[in-house]
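Before anything else, here is the set of structures, which you'll find just below.
Next come two complexes, and both contain chain A; in the first it sits with chain B, in the second with chain C.
Up next, the complex of A and B:
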């Protein structure tokens, strides 16, 4: 009993248990293709949101523009595959490269801004991308979007007849994103990001190179988002400006993390598991509900959760808390189950 | 030359309405520090209010302003009391966490409003037709009556707001809170009341702008998304919290949009605007119309 509790209380142990559980889902829980697609999309957006958490959750620079990286990942792979018949895996890789380059360029401009100004600038930029991809039709397919050629079962081209494969790929992506954010959180960079979130002036006074740290954070944070976009493209096979760069995707990535708990390691995981299925299951194109109904429910759930706890689910205090273990019982060197909770809560507005 | 004048006039006429709903957003931000992501959707609500009143009771949007203003005020009060104020009352929450909470909450309100409207009215555009149909020809420059009247109403409502802020006790309390909230509450200004009033007045201005806009602008449930970003751009250009700045910037934004639409490409009209916005943010985050130096 004690061993199980200990396993579940350590991030690595809990992560492993969750991973095994998620990996086994298609064997006993996911019976229909519909549920499978919902689960796959959940994992894809979870990965994007985990990436968001690095710069916005840990670093406190709230981005409403992670759809830029998501969209760049999706569009790069799509354009290379459709126009240049490039290998899909190479396209995914180049998607990440493009996203990283753009992260550096956009970060160099926007990361000088503080607080809400950064959020508004990133939000405006993603809408610029949406309009531009719609305008330059020859290259991007314009408002109609791009559709990948149907290749059937071609594992060498990232195309699988068996959709469970995509589920596992999405799972690996989400798991890697989780491990990456976990490593960032435990690293010197993570500490510096959290210091900047707590108080940038104080962090700078203590020798943190704020701009460089934020830029590194943004670049790291763009990678999972770009990969999520590429995998989304390969899985869905279709992208248009709005589903890549639009306001819905832009806010979705952030809202997932906020609902779960921005800055908490498990926040995006919890948020994605709640919000993405909610939005997909009630989708009017797949069910009898009227158009808009799914998002009404979605909005109400977000409202209720944040009304109860504006800092997200991971910050909720549940009434029946486990009794504190007697002194000495706690194993030495036990990692804090919520490392981000150690951040001082007295943050100053930028 | 005529094209240029025509472009400028169109820009200014639509810009007046941008200025009106943006002054609502900047009022809300200046007082409550809430970034209201649902702002554009309150414009949409005002527009649907006008459409509904016209379709059901034959009421002209110009008279419809009164009921729409009252309803928007009440809606604003409800959103403030029930949703926004909640984030401030959570135990042990930091100012930044509360602001992020409000941001996501108003975002959820935005999704809620636009999708409830989608469920009720469907996705097809609706408009108030046949009100103020005349078009004036002033030395070759065409001015639509609906646009002109809307602009005049926006200007009048804005001046009323300005006078109220300058002359009434409530206005003075509001301005005092913008300048120094702690000092204001020390001399007896009840912050909660000031917050509630300014939030509701901000939403009311937005509803009025929407109501008038409906005379020439067709509305769909997602119209608000475009207005939201326009309001953000305007408010930042005018200097966050600066009501007069917001109105003037509104005119400027209208002009930039029209100039890009005419001289570059219609579907790129917002790109020009957003790029100017990012430039303003980077070069002069305190706003181009604000004399104050940026504190952050």
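Up next, the complex of A and C:
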């Protein structure tokens, strides 16, 4: 497993620590349903945000509409199960297919826009999806939402009595999303996406087929988001327009990555580990206060982190580390350039 | 392939009411080094952008070999073998030298391994192997300009467009870049150079094209062009041109 050792090395051992911590979490907290639920949701949103990182973090096309793919994943599996009694796993798969098709269609239009206009278009589109799902009641359950039938313990139908199972599934999903983004970052696609982010005209002058590269990036980035939506649906058992396509989900997927470090391999991981538990904790502990107070505190935490380091936690400099390698000192025996963003992140991981 | 490598015919670029380039005709032969000069606002960079596909010509045609270039987007033009540098350096600043060059190589090489090999090859050609792992933003301007050249060369271009490489460089850095351009052209790379510094153009070019207000006012060997009264007038004003004409 050369790739695994490379990955661990390129991320300065941080990977191993996180892996062990996350993997052993249920062993410590297995009795506490709250912690288990928070951990599962953390991993689900981590996966969605990792997907976001491909087009927005690497490619610089900031999407505030990744909830579209999250919601499509959730609704596709739910509708197919509730209305057509389709096997849940097949539903998950079809959720990905639907999300990919829509990524192509929506990307073909929105990716011609630059900068903030792309962001606004994606945000508007997710709100359109929220309205549409609210409107077509017969199909989507309208504003009331859709509830999955209670099947009890039916592993063949993606239904488990033991909620730890969902934790493991969510972890596998997040791990797959992480490895996928790592592979993208190392690939030609990743390099070309980063070049487009840095300077699209210069990238095109270097022969980069910018539109095609961005569209490919968007499609890839939709897949983890859609899977996250499907797993969320199976886990929570309920979806409505707002929790699928609403502004909160739309921004959360992006904010997780921004706080952790957009464009950094570990950004969404760190961001999700901090923000999702924080959000869940605030929701439950501050519910006695006037409505919205939890959101104010949440926003303050996000603002403070981004005030300290606008590029996110993975870009924060911690004192012990040396700032830069001396000029021209390539690591011995490593002529092969390390994956791009992983280099600064390993240096700055602290 | 018979005939010139690049053939520009009737090239006109209009921005609203402004005619930036007006009915320009020229050719560049295989292996030639063509210099383009002209006062500020003469339309040099606009013409460059048109050849590179960054600006769509209002009318006229641009061909490289038998291939029509005009009307194609810049990424297609780059893949057809016309590579360019930017007047104000436009590198991917946060990336290393190797990554910058590998990027453009990756658009023409079959694999990333081949692209990395191509980047190493170009770095060696330009004597930049030691700089490969340094982030571009940490390099001095002269080295950044070389990286621009390297990024263009990685495309294995048939034609290299260099836009004001010497601006912002001191004497010795200018000499260094001139050396690089001469070396590349000596190895057979057809090149068009836009330059403000006349001395540089005189030294480098086989042939010079002079633009003024978007119009082509002279063309020929550097020495002849410099004596052309219209050129002197464009650069120094009418009275200088008259003085130059009389003592002969």
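We adopt the following convention: the second predicted complex is superposed on the first by the 296 of 350 C-alpha atoms of A that agree within 3 Å, B and C clash if a C-alpha of one lies under 4 Å from a C-alpha of the other, contacts with A are read in each partner's own complex, and residues count from 1 in each chain.
In this section, a contact is a pair of C-beta atoms (placed from the backbone, for glycine too) under 8 Å apart; a residue touches a chain by one contact, two chains touch by 3 or more.
Predicted model only: the values in this text are computed from it and were never measured.
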item: First, second, both or neither for A:188, with chain B first and chain C second; value: second
item: More chain A residues in contact [chain B versus chain C]; value: B
item: Which of chain B and chain C A:108 touches, first, second, both or neither; value: neither
item: First, second, both or neither for A:144, with chain B first and chain C second; value: neither
item: Partner chain(s) touched by A:207 [first = chain B, second = chain C, both, neither]; value: second
item: Partner chain in contact with A:154 - chain B first, chain C second, else both or neither; value: neither
item: Touched partner set for A:255, first chain B, second chain C, both or neither; value: first
item: Partner chain(s) touched by A:199 [first = chain B, second = chain C, both, neither]; value: second
item: Partner chain A, residues of chain B touching it in the complex; value: 33, 35, 83, 86-87, 90, 92-105, 107-109, 111-112, 114-119, 122-123, 221, 225, 229, 232-233, 236, 265, 267-268, 270-271, 274-275, 277-278, 281-282, 285, 296
item: Residues of chain A that touch chain B when the two form their complex; value: 60, 62, 109-110, 112-117, 119-121, 123-125, 127-128, 131-132, 134-135, 247, 251, 254-255, 258-259, 262, 290-293, 295-296, 298-300, 302-303, 306-307, 309-311, 345-350
item: Residue ranges of chain A touching chain C (in the complex, touch as defined); value: 187-188, 191-192, 194-195, 198-199, 201-210, 324, 327-331, 335-337, 340, 344
item: Touch list for chain C against partner chain A, complex; value: 52, 54, 73-75, 78-79, 83-84, 86, 90-96, 98-99, 102-104, 106-108, 112, 115-116, 120, 130-134, 138, 151-152, 154-155
